[in-house]
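Both of the next two complexes hold subunit A, though its partner changes from subunit B to subunit C.
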Partner chain A sequence: MDTFWTQPFVYYFLPAFFTLAVYSFLFKDNPWFKLAEHIFAGLSAGYYAGLIFHSVIKQQMFVPMVSSGRYDLVIPGVLGFLLFMRFFPKGRWLTRIPLAFVIGTTAGIMFLQQLHGLVLPQIKSTLLPLNDFGNIVIVVGVLTTLVYFYFSKPHTGVLGGVAKVGIWFIMIAFGAHFGYTVMARVSLLIGRMQFIFVDWLRLVS
Partner chain B sequence: MFALLDISISVINLIVPAFIRTDRLNALVLLVVFSAIVIYFIRRATRGDKLYIRPLAGLQAVEEAVGRATEMGKPVLFIPGTGDIDEIQTIAGLSILGLVSHVTARYDTPLRVPVLYPMPMAAAQEVVRESYIDEGKADRVTPEMVQYIAGESFSYSARVGGMMRREKPAANIFMGSFRAESLLIAEVGQSTGAIQISGTAEPEQLPFFIAACDYTLIGEELYAASAYLSKEPKMMGSLKGQDLFKVLLLAVLVLGVLAVTFNIYPDFVTELFTAN
Partner chain C sequence: MANQGNKGFFTRLQNVDRRVLFVLIFASVIVPLFFPLKLPVPVTPETREFFEAVEAIPDSSIVMLPFDFWPSTLAETEPMAVVGLRHLFRKNCYVVGLSNVGMGGPSIADRLLDSIGGEFGKTYGIDYVNLGYKANYQAVMLGMGERIEDIFPTDHRGTPLSEIPLMRRVPNYDSVSFIFVVSDNVAVDYWVGLVNSRFGVPMGAGVTAVMAPKSLSFVQANQLVGLMGGMKGCAEYENLLGYPARATRGMDSQSIIHLLIVLFIVMGNVGYFAAKRKAKVEG
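The block that comes next holds the complex of A and B.
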């Protein structure tokens, strides 16, 4: 069914225009890029505000309160409301309560999460018999990388040498990540080019 | 005597499973050991014991970068990551923002902090305001300093890229959690000739920062940064505690690998570190 949103102008021309406007930044900053930048930022800020209102304030707070009598949800509601107190100079200090709550809770939860989800599995995965080249690489890599992140002594002498091996392992891992991510970005570029040359301009079938 | 011991064991067997998940005892032991070590070093630091931390090149450059911005009369741009407040890296980034904003307040250097999410914005506003009050310059705090940009990372990158091109900050500091936008932001900053210092614990984004920035804090260096810059006893003690914990982990790993290699209770050793 044809609607306003499936009209060629909206469906092809506008996305193509904004794609080209954003790419024009590669040449230099210009009014077309500024237009695209402001519309993009404004749209996403507005979309995010609407999304939060519907998915959090309405669905996770008001609806359970009204339909299931979950009045305990008033507490996070009040904490959220306190964030707006920064607009009132006399009540500004109240903003710190929800911030302290969120930051403290985050630190506490993350502490256990990291210990249980990262440290223990990493230790277990490193406990390998040194009877295979691959295992030796893994064990040496983990130990030397851990030494690199030791901050209590200057990296000189033996410690410096071990830390240098560690940084080599880190850099090799980064190189692999770099190549992998560049490939993903190239596929994004190919997607945009396909849209312009195949879907919009129809120069390539 | 043995009867008493038997009764005690029975009572422990009855009570402990009711309150503690015994299959997660390993995590509890690590938690207790880690907390005890950190508390010990925090006490030592607050008592006034001198604790050494090796210099990190990226951090020594922070003050130099702000000084350069002051001389040039241009702003310092600080991004406390693009994660929400429930990420520990964002909290580390905000902590470093506090120290950087102290320096910008001291030198009267313009500061720009574009943020992606509302909660880090509220926290960043408080952090910057506190720093300016500490330096006796509360009247210099403006709403433009900490700015909410957008809730979506690519529109955020477009806006920050535009800001960098138009305002040409002399120093760009990126500290916190970053995702796909890391290279988009850092590359534009590099093209403007700004001195760039970055720090993140995201392994996928670190290569891009290393390629596009003058200094990069890798992984845990980001968390060490706030302790190193502030020399605050609690942070220093915590960092030293983490270091000792790493030494213990190294010892455990070496012993564990030897046990597994020479077949000394290998199943028991690996079971000790199984996360349930």
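The block that comes next holds the complex of A and C.
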């Protein structure tokens, strides 16, 4: 009995309660599931608001302004504030200014990341000598899949045959993804059961 | 009558009550917890390469460990962070922790760093540090390449970085020998695409099983030195390190549930084709 009461309530009992409340949905929708769902949504929103205020607005704007005289930080602060102008019909157009910054910088970073980080290295790693079965599979898979996504010509004749091979590669990739997804979801269940039986109830050492 | 009975059986094979599946899957998880089967966990080349790359880092190097995962995937990612920390602390590496996931990431990092650091007698601020979370991870990753202190003026506990002995030695990525990413989201793409490609820091990743097929392409392109894919990958790493823990323990259940799912897929297909054949024969 001691085991139950000496554990911190918040570390063990509450998580266990919410785990069981969520899993109760497997039987049917019920008030306990709804309670867990609503508490999760509310907590998440509150936690995020506090976190962003503390780690961004306070720590990266107010503190440097006050302690180091970084008054230039007023500019991003004002831009951030302008995003809230969408709630005022007359000033809604002002949100376009910060959005232009967000879209511009995001596009720049994404371009850099996609081109230098993904496209070029991945193309380079596909240019392989055809002296190995694995290399042949990679090259054939990439080429036939690309042909499948070429839609400017009807998929008939040779093009249709090659595209069909591409479909097979795509299906095998989907199968691999599905298999891994099953493993991931099962892992989550195992994790929760380990928590309940090992950490909370301590029925297993 | 016999035919109708068979047809009913094959139709039932395709329509097993989902609650029967739930009970079987629940039993498959619980029974191995109480009676471990200790099924073998063969090591895949990607995990071995990851382990060997970490093993090859010179002792006492500075390693960054981003805790880029949500509490919802702790079952997969926490054992990865734990095994990574054990490996790094065993080599007396200095660990710089941070998180690009605001919801729970920094506090999970704090808990694990303190707990595993404590196992190895490590001290906060000298052997390891938790920088915490900052919004917009693309900007965070790029900014740390210039000056970490600009992005994280203080650590997660509010101590200015200039007052933390470890961080005085880590102005940017130039001082970081390796990045041990543990992630359940697209952040790993950015570590590879922004940090590895631009700053050339070698890195390996522990990712959830859902992300493993995509992340394997980074290994094939030598952008990641290796990969831990899901609970299975983590169990492999735990065994290579000689610390079989939670992931290894969960693998018995994993194997049984996978067998069960294969069985049900086969049963469903047998039922489908047999019912179709019967319908055809009967016109």
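The working rule: the second predicted complex is superposed on the first by the 188 of 205 C-alpha atoms of A that agree within 3 Å, B and C clash if a C-alpha of one lies under 4 Å from a C-alpha of the other, contacts with A are read in each partner's own complex, and residues count from 1 in each chain.
One rule holds in what follows: a contact is a pair of C-beta atoms (placed from the backbone, for glycine too) under 8 Å apart; a residue touches a chain by one contact, two chains touch by 3 or more.
Predicted model, so just to flag it, every value in this text is computed and none were measured.
J.: Label the relationship between subunit B and subunit C on subunit A in the superposed model as either fit or clash.
T.: fit
J.: Kindly classify A:55 by the partners it touches after superposition: subunit B alone (first), subunit C alone (second), both, or neither?
T.: second
J.: Just to be sure I read the superposition right, which of the two partners does A:197 touch: subunit B = first, subunit C = second, or both, or neither?
T.: The second partner, subunit C, only.
J.: For A:189, select first, second, both or neither according to whether it touches subunit B, subunit C, the two together, or no partner.
T.: second
J.: Who does A:181 touch here: subunit B (first), subunit C (second), both, or neither?
T.: both
J.: Just subunit B (first), just subunit C (second), both, or neither: which does A:124 touch?
T.: A:124 contacts both subunit B and subunit C.
J.: Looking at A:164, would you say it contacts subunit B, subunit C, both, or neither? Reply first, second, both or neither.
T.: neither
J.: I want to verify one number. Taking the Cα centroids, what angle sits at subunit A between subunit B and subunit C, in steps of 10 degrees?
T.: Superposed on A, the angle at subunit A reads 130 degrees.
J.: Give one of first, second, both or neither to describe whether A:34 is in contact with subunit B, with subunit C, with both, or with none.
T.: first
J.: Touching A:64 in the superposition: subunit B (first), subunit C (second), both, neither?
T.: Once the two structures are laid over each other on A, A:64 reaches subunit C alone.
J.: If you count the residues of subunit A that each partner touches, which comes out higher, subunit B or subunit C?
T.: Looking at subunit B versus subunit C, the one contacting more residues of subunit A is B.
J.: Contact-wise, after the overlay, does A:26 reach subunit B, subunit C, both or neither (first, second, both, neither)?
T.: A:26 sits against subunit C, while subunit B stays out of touch.
J.: In the superposition described above, what is the shortest C-alpha distance between subunit B and subunit C in Å? Please give a whole number.
T.: Superposition on chain A places subunit B and subunit C at a least C-alpha distance of 5 Å.
J.: Show me the subunit A residues, by the header's touch rule, that subunit B contacts in one structure and subunit C contacts in the other.
T.: Touching subunit B in the first complex and subunit C in the second, residues 44, 47-48, 51-52, 106, 112, 114, 116-117, 121, 124, 173, 177, 181 of subunit A appear in both lists.
J.: Residues of subunit C touching subunit A in their complex?
T.: Listed in rising order, the residues of subunit C that touch subunit A are 19, 22, 25-26, 29-30, 33-34, 72-76, 102-103, 132-135, 138-139, 142, 153-154, 189-190, 192-194, 196-198, 208-210, 212-213, 217, 220-223, 229-232, 246, 249-250, 253-254, 257-258, 261.
J.: Residues of subunit A touching subunit B in their complex?
T.: Against subunit B, subunit A makes touches at 22, 25, 29, 33-34, 36-38, 40-45, 47-49, 51-52, 83, 86, 95-96, 99, 102-103, 106-107, 110-112, 114-117, 119-121, 123-124, 126-131, 139, 142-143, 146-147, 149-155, 170, 173-175, 177-178, 181.
J.: Give every residue of subunit B touching subunit A within the complex, in rising order.
T.: Those in contact with subunit A are residues 24, 26-27, 30-31, 34, 51-54, 56, 85-88, 91, 118-119, 122-123, 125-126, 148-152, 154-156, 158-159, 161-162, 165-166, 203-204, 206-208, 210-211, 218-221, 224, 239-240, 243-244, 246-247, 249-250, 252-254, 256-257, 259-261, 266, 269-270, 273-275.
J.: For the complex, which residues does subunit A have touching subunit C?
T.: 26-27, 44, 47-48, 51-52, 55-56, 59-60, 63-64, 105-106, 109, 112-114, 116-118, 121-122, 124-125, 138, 173, 176-177, 180-184, 186-194, 197-198, 203-204
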